[in-house]
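One chain, chain A, appears in both complexes that follow, with chain B as partner in the first and chain C in the second.
Up next is the complex of A and B:
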């Protein structure tokens, strides 16, 4: 049995993504709420901030990590139902598709600020 | 002073009973009497057909694990006085097939226990002494595994584990704590043999850290914590093996 199917990687990456999540959430909250404390939040101010790759990168990172962590956790809950190997593969594949589609939509929402237009979906 | 107490006991003989049922017995118990004492009185004075396991009556043999007032406990370590003023409700351990009344079929438990090879794997490369072989263990090394060594095979952790209830293939907390006991032993070299058993979806990774095992263990073994140590060890052996390739 490969170590991927053994459960080692989902377990390990859940912990790694939890640490990354902590970093990204703190960074996101700090940037959004404390860096310009008192200044009104406008569409323009958000657009200006997201033009900067560092800030945009934190939001892209948060998007990817939160989707992975959430769906990997959901997978481990579903797997408690003692599924057959085929059902496990179906659940894993389905959640991967859901995750990738969610991230693509998320990037599409953020991308106009960087490129001036949506990236994948017009 | 003796007090009259009522015991509501799960009864079922799969050979002759169409369905489980409850039996009510009222016996006099003294202050400080254990639930096991009450069960023995019932069997001696009221119903000789009542089946339950018991042996040492001192919390050492682990035979009399059963569900008492909703929680798995040792009947010999549970005082009737501590069970409130109502009925004392007694059921067989969960997650194991019924044999008769409070006796369960322990086969799945022992099969899983044996699967982790719970014995000391000696190094074959060390020279065998000509006179006496003494595999001594350093005192500080013993601290790590002393609690895990206290396991009395009572099966309470196995019965309280919700994952065991959902997935009968899960190896269970007791087998894992025994694997930990030898993995934590610096004299043991059996890791390579145990990894294929432990590093499986129904091995260490199925544990969901609900802590039911730790809370219910009559010996106070930190089972969940030690299973987490095993998981970290699985990660360590994986990366160590990759480095060697």
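Up next is the complex of A and C:
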């Protein structure tokens, strides 16, 4: 029973996102750090790489999945405390807002490379 | 024969504490490494974005240059070790979810750690020459 303490869907999606992360993290680290080992990383080299949709897709996919996995994991740690159902709903809602904000922020991180300037500056 | 109906027990604060006592070190480390990676995610996004937004391309290049100095290459490898632990232990946990090697949990743990040590050694061999060139 305790393995479903966080709810069946959060439990299942934590596993699904974990499997996706195995692909995204390996791809991200290989592309950024090992594929062109020793070549200097510059704004220009990143912008050229991101012209290919596969690389941009891996970074955006990683962003969405890692934010879900990380904040869902944080939620299950928080839920180890004895919380009322109302408090659990507040935690869940707060983390969803944080997650959406983080994804929007993260999309904006790559935007200078993709079209020259950010959507917005925080 | 005495029959018991399964009643869900109300959850209490001591449940979390007792689970630390009975839970394994692997489980505790999984949570610690998870929190570290989540904290790094925010550092990663903020460090890379602020350079571009506030200072333009030249600022980005300066930031990346300073992040590829020896102290940060060592920090990267430490971060990589943390990620490797979390990933390999996570694979181990999911193997038990589907019933694989469920009676060999400790053995699988040390096999995973050996795999992680090998990956970390190979990655260090590739990365460290860059720190000292």
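Going forward, the second predicted complex is superposed on the first by the 112 of 122 C-alpha atoms of A that agree within 3 Å, B and C clash if a C-alpha of one lies under 4 Å from a C-alpha of the other, contacts with A are read in each partner's own complex, and residues count from 1 in each chain.
What we mean here is this: a residue touches a chain if its C-beta (ideal position, glycine included) is under 8 Å from a C-beta of that chain, and two chains touch if they have at least 3 such contacts.
Bear in mind that the values here come from a model prediction, so they are computed numbers and not experimental data.
J.: Please name the chain, chain B or chain C, that touches the greater number of residues in chain A.
T.: When the residues of chain A touched by each partner are counted, C comes out ahead.
J.: Touch check for A:37: first (chain B), second (chain C), both, or neither?
T.: Only chain C is touched by A:37; chain B is not.
J.: Counting only touches as set out at the top, which of chain B and chain C does A:74 meet: first, second, both, neither?
T.: second
J.: Regarding the shared-chain residue A:54, is it in contact with chain B (first), chain C (second), both, or neither?
T.: neither
J.: Can A:18 be said to touch chain B (first), chain C (second), both, or neither?
T.: second
J.: Let me test your reading of the model: by the given contact rule, A:82 touches which partner, first (chain B), second (chain C), both or neither?
T.: both
J.: List the residues of chain A that touch chain B in one complex and chain C in the other.
T.: Residues 1, 80-82 of chain A touch both chain B and chain C.
J.: Using the touch rule from the top, collect the residues of chain B that touch chain A in their complex.
T.: It is residues 163, 166-169, 196, 199-201, 203-206, 208, 231, 234-235, 238 of chain B that touch chain A.
J.: Help me check something: in the complex, which residues belonging to chain C touch chain A?
T.: Per the touch definition, chain C meets chain A at residues 8, 11-13, 15-16, 19, 31, 34-35, 37-38, 41-42, 45, 48-49, 52-54, 57, 60-61, 64-65, 68, 76, 80, 83, 87, 90-91, 94, 97, 123, 126-127, 130.
J.: In their complex, what parts of chain A are in touch with chain C?
T.: Those residues of chain A that touch chain C are 1, 15, 18-19, 21-22, 25, 29, 33-34, 37-38, 40-44, 66-67, 70-71, 73-74, 77, 80-82, 102, 105-106, 108-109, 112-113, 118, 121-122.
J.: Okay, in this complex, where on chain A does chain B touch?
T.: It comes out as residues 1, 3, 5-8, 10-12, 76, 79-82, 88.
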